[in-house]
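In what comes next, chain A is part of two complexes: it sits with chain B in the first one and with chain C in the second one.
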Partner chain A sequence: MPELRLEHIGKSYRGLPAVTEMEYVFQRGIYGLLGANGAGKTTLLRMIVGVLQPDFGRILCNQQDISHMGGEYRRMLGYLPQEFGYYPNFTIHRYMKYLAELKAVPPELAEERIDETLNKVGLEHQKRQRMKNLSGGMIRRVGIAQALLNDPDILVLDEPTAGLDPRERIRFRNFVSELGRERIVILSSHIVSDIEYIADEILLMRAGKQVESGSLPQVCRKMQGKVWECLESMESARRLNQQFVVSNMKNMEEGNVCVRLLSDRKPVEHAVMAEPGLEDVFLYHMMQ
Partner chain B sequence: MKNRGILLEEIQVEGKAQVLEQIREAVEAKEIRYQPSLIQMVLGHIKYLSLPALGGQIACLFLIFGMCIYFERSQAQLMIWLGTGSVLAACLGVFLMLELCRSSSFHMVELEQSCYFNVKQLWCVKMIIFGCLDLLILTVLIAGVSKNVSCGMFAVILYFLVPFVISSGLQFLVFTIFRRGKREYLQMSAAVFISVLSLFPLSEPKLYTVACLGFWVLALIIGAGLLTGEIILLYRTLCSENEIYTVEL
Partner chain C sequence: MRLWKMELYKILRRPVLNFGLFLIMVFQCFIFWMDVSGKQTEIDGNIYKGISAIQADRALTEDYEGLFTLNKAEQIVERFGFSGYKMERGQKVPGIREGNFCSQWVTDNLTDFNDTGTKPAALKEGEVWKERGQQYLDKKIQFGYTEGWAYFHSLWSWSVLFLNVWVVLMVMPVFSEEYSRKTVNVLLATVHGKGKDIWAKMWAALVLGIAAFLVITFWLLILTVAVYGATGIDASAGMFDYRALAMESESITVLEHLLQTFGAKLAAVCLNVCMTLLFSSKCRNTASAVVLRLVSLYPFAWVLNEVVYSLLLDMMYDSGMIHYLWGWITLDILGIICSSTTYYLSWSAVIGVPQNWKIIVKILLFVVMSASIWRTAVNYRKGNKIS
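Presenting the complex of A and B:
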């Protein structure tokens, strides 16, 4: 099983740091990269797949620097870029065949792998359709299928659920959960629930830095005592919204509002401590 | 010394099945690593080339065949042979550039760069395919024209190679300067520009005499230098794993 080690890696664009001093070890399992837009997730993933070179630090795969491994490292990779490109006139099958060739999938296995991966994403009956005629969700599913073509040891998915409808997202979560048993799966998203459901480990990024990491119970435990709920009048709820980071406001009976907020201290006398979720953790760190 | 022979260990028959099973498991666990040769890569990639680029290149070949037959029958003058041949030679390079632009136009470069055969290898394969076709087309053009004109094969080679290398060099320059978005129109404009430029010597027929061969040799050296320099620069940039061609920042 591969081990991927980030050693103090960093990257800047025109003098502006996009990723700073990132240090982490990935082993078998699913890793969820969570952060707001511009947090440096895509830059980090691009460095992991070798499309971008870190300005400093290095990435090791099984103790070998990936910049020296060349094709042997890329052979282990499956990648779904955030901006997933395709040749519009290719059919799904032709597109997959093309990528199978680039990924050096043995020709005698290629057809079998294409059928298998398209089956996984539910596109086995559409493989003769041209890419330009597919919906956004279907294109994303082709993207996921192509990433699995070479049965990669390291699977990197940048915003894989963008454009998928709820049913497709659930289907995606289920099969990614299966994939994580035998490889490293790194997926980025700003949709908290996707990460919450499937990731074994969560990495929270803000302004190019890793601000939190660990399993879901671990990161939530650190938020213990910082999430509060209280029942307020509409006027009072508005006031709390201005004073604190409010993660949810829900209208209740008799014009009252149930407010869920984040605070290091008890916000109001009648507030009760609530069980933190990943959304609370995300919001807490983003608002720091 | 007496030969005492070699003593073999007694074979344990009951362990044989177990050993065979271990071997079978080891074979199954072994990863199949397919590593195609350059020829396999080139042949395998031909079917994925874009139709306008490959079709255009092949159409050029037939156009030249047709042109040679037509001019030969109509007993065309030297200037018509050279003018038409120069324009065609100047246009040849555009098809490779259209193919190279395709990856970035459809945002495929990032994905292709992460594959076992990355963009550097892919572009090398494309350059080999289109380079071979260019060579074939130029050979047909030079052979077809030189047997119908009086200036000799060496001069014809020079007259056609000059617009070809300068046009290709200029198109590589456009390709390396404008790295993003749809560059196809710029590439085609560069080809048209050089095609028009290659017609200028026709207004001064003296340029196609033996006295001016030195000028053509010099132009060829400059053009070849520009083209070689551009190809080396592109290759070095890709070899250094530089991201300027692969990622839209």
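Presenting the complex of A and C:
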């Protein structure tokens, strides 16, 4: 069972830090990486898969520096980049064969593995289609399938659910949950509900730094007493929206609005404490 | 083994561009057809045209085959006279040549007809003979029917020049398209992505370049032999290539010349593939990389030789610097660099350079190619071009 350790890693682009001082240990399970646009998620994941070299610190896999492990480390990897490139003239099948070769999947096993993974993402019938004729969501699914091709111990997925329809999203969640039982799965997403459903551990990033981590209940518990709900008129709801971080506004009958907001103190007299969710945690940290 | 074939498949999946190689072959055919249809020869009052002109010339040349002597030259002039241009009635511009292969060869090479445009009065005319004619005797030229080989030689160079442009277009996407398509993200995270696959990509590109070179070479060879026959292969290459004549050794045969130019042209293609791969690994945009590469491919070498070298030579002569050791060393270095460019290798310019230069050129090519292969791998592996 692999263990992945980040030791104070950092990366800058032309002097501008994208990731700073990240320290974390990944073990078996599903890790959800949450952060606003530009928080440094993609940069971090690229360093984890060895596509980018960190400027500082190092990444250890079972106590070995990954930059010294070379192909041996990449053998354990499955990676879906945020921007997944493909060859428009290739059929899905040819593309998968090419990647099976690159991933050193034994040729006699390749066909079997290809069918298996395409089955997982529901593309078994589109195998002979050219990739330029596929929809964005289908391309994404090919991307997920190729990441699984070599049965990786460390699966890194950068926004895997972007562009997937609800049915595919559910299918994805189900098989990733299963995968997470015996390997490391790291996935980033903007879609809080995806992370909420499947991640065992949540990592919140802001401006290249890790600001919060823990399991869903742990992370939510820290927010206890900071989430409030109150029923307001249109007028005062608008005022509250300017004063506080509002996570939700729902129109109720008689022109009233149910406002859900984040505040360290009780915002108004008649507000009641609410059960915090991951979305509240995300917003709370982003707004600081 | 399998990986490089897949990489080759990726390179070849460009139907429009593959057509380019076909075009070069069609172009070769066309030029040959043009050449043959315009052929005309005149032997003892008989006029032959087209293929039969070639056959007649070939048969005639057999009479004079072997070591070329002053006696043979005089016999030819006596029998056919010198060969000028035929002036059709009422025409101002010169038309086709008079005479046949033998009389044309004597006129062109032993006299100053090509400079003056007027038929000389006699064969041995003082200065001209000493400068031109004499060297053919000194170098112990083996006379033979080399018309076809001369033709093959120049068309081959042109074909390789075109081929190199095609190679740039085919090979440039090898790395740069992985960047622009963003497939590099996936590739670099695979087991072989940072190692075996890089070599597979380069090997596929090299195989493509070499195979295409062999295809156009053999195609041209087949055309030449079909039209001109294989005679004259053991004659002296100095018959048509003055650079072979200028070599220090005794004049080489057409076959030896063929093998040496083959080496030079093959080196040109390999060097081109390596340098193109280097550009490819440096650029995210394939189109701009192609433009940059094409500028560096021919114009750069040409300017280096025709402008920089000439200017430097003039300057050094004027200032007397040429007499210093470092003066001519600088010129030699520049000359060697020019000879090692794809452009001049395609022209097989190394044929004419001194023997010790050839060794340096070989070493230089080896070093440059190895260095560019290594740099290419480093550039790609680093992943700096990932956006």
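The definition used in the following text is that the second predicted complex is superposed on the first by the 288 of 288 C-alpha atoms of A that agree within 3 Å, B and C clash if a C-alpha of one lies under 4 Å from a C-alpha of the other, contacts with A are read in each partner's own complex, and residues count from 1 in each chain.
The definition used in the following text is that contacts are C-beta pairs under 8 Å (C-beta built on N, C-alpha and C of every residue); 3 or more make two chains touch, one makes a residue touch a chain.
Since the structure is predicted, the reported quantities are computational estimates derived from the model, not experimental observations.
A.B. asks: With everything superposed onto chain A, say whether chain B and chain C fit together or clash.
C.D. replies: Result for chain B and chain C: clash.
A.B. asks: In the overlaid three-chain picture, which partner chain does A:Leu231 touch, first (chain B) or second (chain C), both, or neither?
C.D. replies: neither
A.B. asks: So in the superposed three-chain picture, is A:Leu109 touching just chain B, just chain C, both, or none of them (first/second/both/neither)?
C.D. replies: A:Leu109 sits against chain B, while chain C stays out of touch.
A.B. asks: Mind working out whether A:Ser67 is in touch with chain B, chain C, both or neither, as first, second, both or neither?
C.D. replies: First partner only.
A.B. asks: Of the two partner chains, chain B (first) and chain C (second), which one does A:Gly50 touch, if any: first, second, both, or neither?
C.D. replies: A:Gly50 sits against chain B and chain C alike.
A.B. asks: Using the superposition on chain A described above, determine whether A:Met286 touches chain B (first), chain C (second), both, or neither.
C.D. replies: Neither partner.
A.B. asks: Considering only the touch criterion stated at the top, classify A:Tyr13 as touching first (chain B), second (chain C), both, or neither.
C.D. replies: It touches chain B, and chain C stays clear.
A.B. asks: Applying the touch criterion given at the start, work out whether A:Phe84 contacts chain B, chain C, both or neither, answering first, second, both or neither.
C.D. replies: After superposition on chain A, A:Phe84 lies in contact with both partners, chain B and chain C.
A.B. asks: With the two complexes overlaid, spot the stretch of chain C among 61-69, 97-105, 151-159 or 313-321 whose C-alpha atoms clash with chain B.
C.D. replies: 151-159
A.B. asks: State which residues of chain A lie in both footprints, the one left by chain B and the one left by chain C.
C.D. replies: In chain A, residues 46, 49-53, 71, 74-75, 77, 79, 81, 83-87, 98-99, 101-104, 107, 146, 150 are touched by chain B and also by chain C.
A.B. asks: Using the touch rule from the top, collect the residues of chain A that touch chain C in their complex.
C.D. replies: Against chain C, the touching part of chain A is residues 46, 49-53, 70-71, 74-75, 77, 79, 81, 83-87, 89, 97-99, 101-104, 107, 143, 146, 150, 156.
A.B. asks: Taking the touch rule as given, give the residues of chain B at its contact with chain A in the complex, in rising order.
C.D. replies: 32-36, 44-45, 48, 50, 102-103, 106-118, 122, 241-243, 246-249
A.B. asks: Any idea which chain A residues touch chain B in the complex?
C.D. replies: 13, 46, 49-53, 67, 71, 74-75, 77, 79, 81, 83-88, 94, 98-99, 101-107, 109, 146, 150
A.B. asks: For the complex, give me every residue of chain C touching chain A.
C.D. replies: Within the complex, chain C touches chain A at residues 2-3, 6, 10, 13, 178, 181-195, 197, 382-383, 386.
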